[in-house]
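The structure appears below as structure tokens.
First chain written, first letter: the chains are A, B, C and D, and each begins at residue 1.
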Amino acid sequence: MKPDFLEEIYEIPGGENIKDCIQCGTCSGSCPAAPNMEHTPRQIIAMIRAGMRDEALASNTMWMCASCYMCQSRCPSQIKITDIMYALKRVALAEGKAQPKASYMAQVFVDNINTYGRNDERMLIFNYYLKTNPGKFLSYAPIGMSMISKGLLSMGAPERIKNIDQIRKIVAYVEKDGTA
Amino acid sequence: MASFEPRIVAFLCNWCSYTGADLAGTSRKKYNANVVAIRVMCSGRVDPEFVFRAFEKGADGVLICGCHPGDCHYIDGNHKTAGRYPMVRNMLEQFGIDPKRFRLEWVSASEGDRYAQVVNETIETVRALGPLEWPKRLNESDTASPA
Amino acid sequence: MSKPRVGVFVCHCGSNIGSIVDVPAVAAFATGLDNVVYAQEHKYMCSDPGQEMIRDAIKEHQLNRVVVASCSPLMHEPTFRKTCDEAGLNGYLFQMANLREQVSWVTEDKAAATEKAKVVVRAAVQRVADHTELHTTTKPCTPATLVIGGGVAGIEAALQLASSDTKVHLVEREPSIGGAMAKFDKTFPTLDCAACILTPKMVQAYTHPNITVHAYSEVVDLSGYVGNFQAKIHHKASYVNNEKCTGCGACLQKCPVKRVPHEWEQNLMNRRAIYTPFAQAVPNKPVIDAQHCTMLLKGKCGICAKVCEAGAIEYDQAPEGTYETIDIGNVIVATGMKTFDPTPMKALGYGRIPDVYTALEFERMCHASGPTEGHVVKKTNGVLTHGGAAPKAVALVHCVGSRDKNYNEHCSRVCCMYSLKYAHLIKEHVPGCEVYDFYIDMRCAGKGYEEFYNRLLREDVRFIRGKVAEVNNWAIYPEEEGRLVVRVEDTLVGTTRRIPVDMVVLATGLEPAEGAKALAQTLHMSCSNDGFYLERHPKLAPVSTATEGIFVAGCCQSPKDIPDSVAQGAAAAAQAIAMIKRGTVEIEPTTAHVLEELCSGCQICIPLCPYDAISRDEERRLAVIEPAKCKGCGTCVGACPSSALQQWGFDDKQIYAEIDGILANA
Amino acid sequence: MTSYAYYPGCSAKATGASYEESLMAVARVLGIELEEIDDWNCCGATAYFSVREKLAMAISARNLALAETQGKDIVAPCSACYLGLAKANKYLKEFPETREIVCGALKAAGLEYNGTVEVKHAVEIFVQEPMLSQVKAAVKHPLTGLRVAGYVGCQMVRPYGFDDAEYPVALDTITTALGATPVPYPMAARCCGGSQIMTNEEVALRMSKNVLLAAEKAGADCIITTCPLCHMNLDMFQAKVNAHFGTNFSIPVLYFTQLMGMAFEASGLGIEKNLVGPSAGLAAHM
């Protein structure tokens, strides 16, 4: 149990009013993905307050979040729940506790940006399924073919933005003092 | 040197802002100890003389708080205070005192938090302006060269 | 005036002051101040031993000034003023230093708090030296009382006052008294019929010789002071002569304008242009709705006058109504509340989905004389009629607009209980109907309330702990076809659930009544953050306000149930009766007065007085102040260019002394 | 001449190409200048925030800085980009220590952020007067009788946005302006599953299925969307929804700009690029 886990989340921009939660369940009742979550969003907030750090970080809840902000817009205590889900993903990734495949997608997405400055959908899909489920990639073939025939997927190499060095400088600057 | 601790005199009206200040107490809202309040029955009672007297005796800032327009226990005492306020500001400027040292705010009986916030803001504003020490510098202009 | 001999008494207030402020140091500091001949400290100054200590010190050390450094003057100034009087020292030769609310409770750093405490004590000591003897003036107290609001709290207050043989004016802005309670079908937890227990009191109030009910009227102005208020009442034009009208109801049947939305019935049915709000209305006198009466609008019709044997219909009444000023000694405000309009909470579907009702709408549906004569039925293509189909399942949704920072942060106290009542009523009206009750915390704190909750558990109501997130009227799964779907997290099980129902009742919370803010400004009362009226002290003075002679009772002060509203009505009445029985009121002596030798007759002060208390003596060309009219605000004193005007107790010299005390050795 | 800094977003150059084409066609008709931000980078959408917070804002803020050099408000047609940029813009004003780090990073890259431009969604610039009247005036072929379900998804209206968070009316306003009939559509602001289509396919397919089911129940001839990701989930994966749930939806999904283009009788709308072919109701207007 790590009682200061609550403080950790409390410090994050957007996490400031997590202490106001009255456990009413509106967030879970509003969440379209809640039926597939190991813990409902409300339970995750209860676990944070209970200091159940590892259990919360190991849960698949935040990786199921589609960022639709319905919970955040209805919360009677005005808690920025979606921002807290992001925070949990970041901490889980940083501590290598994120087990579900969803975390790979975020990682591939970020790598694409840091490398090319933009996200080429082909690279995103290819790299993601390469890491998680190569067989699945083949099942996309029919949709892929029709997209290519409709000119929605070019065959060229992924483009890189002109000033990619600016992206690298930004990443270097922010990463230097290790801020999450 | 240790950061300058301004001395501020506040005039609070009995029905709204003094009750609001008391509420800040009962809700344990913390604010810096630089402000000491004087209770008057209505903000209308605050004679401009009091403001000049406070500065003359060494205050670095003066705060007047009254009821929000429409809430005054005496119908419109606060409107009359608001009427006098620009005149007092102009006179302070003519005396060479930065008008930002003098502030008028409406605080209701249920706004404990707001009172604490107004007090802290006023202290920081005056702290930034530095000590006034008007008695010593009666002729030298304050706005020209803040300490 | 003999040389000031000041006694300073510094209070620990248990740990409230003593734990932050070094009280002994402050007492020691006080001994070094000019004019201070005695300084002492005590754990509780306001206790009997504490007051005893002051009285002894006054005698022993011939003190002619007293400073008590403890809590806020708004808290115990009267207490210590009386203590001084008892020791033969005029109560106004006394000043308080507010060390608790404005020093110890708001300062973290102990050293800074102690320093500030010393400054505050020094200011009080320097001020009290310039205090002069003052005496309160006693004024006769008019033995009549104004009660604003004819709901259950106002009726109780009026009846208690009337039974003490004093005159009561009960002003109610609706055509009938009864307030919100009159709209209820049953009451919790006893399931008494609301009308059965309320109507007798309404009739008793209306017929009581000491009570004048001013129905369809509003208070538009209040002037004067405690014991001597003048209230201006606006009687809205009802176009019916109440003396002549016998309440036979003939006009109600014959009026051709039939389709006016009936606000009292939550617009679930229509009323006519001439109407009484409900069958047992008291006074049972109809009023004509000028916005819908064709006679008043176009001068055509006049049927109600034709059928009225008593000849009570008066189309020629002045549309702006009439005004009446009454003299009263006290005012009891019992203006009640309004329920939250859930339309902005789009997720719950009110207004979008026909069978989503507010609490009051459902209350009227259950009521025998309501829109469906007591049948709990669904609307048939959007219209509520008796013949509607009974619901197979009903959802009761708690905390709608309450405990929600997007709308009202406060808990409205009564919704859990009335939702339980609805659960029972549904089981009674529609046998076999499924009832789901969605709550966050079941708050049943009153007498017999928890037992009532247990009763509903036994009546197979399905209680689900979780706030309803949304109500939809389109189906995803087959069993939801044609029904409403409630989506919620069953937090005790930890899963989200979709529950098909046929009707939803929203437990809408309680808010300040329509026009509450305007009335507060008319009566110069403060409101708390949530907009309800501010009591003088939440625990020790819940029914009085900062203004002497003005009391509050019932939901206008904060949401509460009927027992508490009735208790507060009686409590407010008791305090008014005490003042009437005394027959006199003490008027604070802190009024303004003229130093004639300094007055140049410039008349700057005259227009400043909101109470016209200042006039000009033409021969001597001087300002003259009428003490009875002066309420002691000091605005004129603050404006007088030659300091000819002074205020007893807030004299320029005294305030200068206080300023100097604060800034000494600045 | 209204002019904006145009932020296309990564999908506008690939799977969302027809969104950009139709937007440009409509802008031409209405005389709106959309000047693409030179060398823009990916907004980071939701993914970058799940990895790094201050860095995500810095990456997103690079686009804000570039737009500030053009001195015009940003128009982002894609809801995810709109939120990515708007969130950075808002948080940088609300959280000083985050702003310090981000501005430092941008300065290191030779850029400067002052928060002088606003971020608007593409829908926003068409529904506010005076442009709405110009839209009505530009209609050559009123889409009378076409029943349209206006679908905005989530990030256009939550947590910020210019329309109601749960029952937005903007698309219905546009539909009516084009002469078509908006159908009452309870799922207008519900999520299509977004990027979960890749990471948790079953969840996303269920969400898209409910969006399609509501449109079918409402008797819509077509759905119009305001985001390339919603378009992909509803159009390109409609067959997958049918396979997974045994439904047989065949509801055409257009970008709202394609519908506007049809009413303006503009060309180059890329409607042929939608996977699901036109319904009878829609074909009548093509």
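We adopt the following convention: a contact is a pair of C-beta atoms (placed from the backbone, for glycine too) under 8 Å apart; a residue touches a chain by one contact, two chains touch by 3 or more.
None of these values were measured; they are calculated from a predicted model.
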item	value
B-C or A-C - the one linked by more C-beta pairs in contact	B-C
Interchain centroid distance [CA atoms averaged], subunit A/subunit C, Å	50
Distance between chain centroids, defined by C-alpha means - subunit B, subunit C (Å)	31
Computed distance of Cα centres, subunit D from subunit C, in Å	50
Where subunit C touches two or more other chains at once, by residue number	347
Set of subunit D residues in contact with two or more other chains	166, 210
Those chain pairs that satisfy the touch definition	A-C, A-D, B-C, C-D
Interfacial residue positions of subunit D with respect to subunit A in the complex	10-11, 14-15, 17-18, 39-42, 44-55, 58-59, 62, 91, 94-95, 98, 101-102, 104-106, 108-111, 153-155, 158-159, 165-166, 190-191, 193-196, 198-200, 202-204, 206-207, 210, 236-237, 239-240, 272-273, 275
Residue ranges of subunit C in contact with subunit A within the complex	347, 399, 403-406, 440, 465-470, 487-491, 494-496
For the subunit C and subunit B complex, residues of the former touching the latter	72-75, 98, 100-103, 105-109, 112-113, 115-116, 119-120, 123, 520-521, 524, 526-529, 534, 546-547, 590, 608, 610-611, 631-635, 637-639, 643, 647, 650, 652, 655-656, 658-660, 662-663, 666
Touching residues (chain side subunit A, partner subunit C) in the complex	20, 22-31, 34-35, 39-40, 42-43, 74, 76-78
Touch list for subunit D against partner subunit C, complex	164, 166-167, 186, 210, 213-214, 217
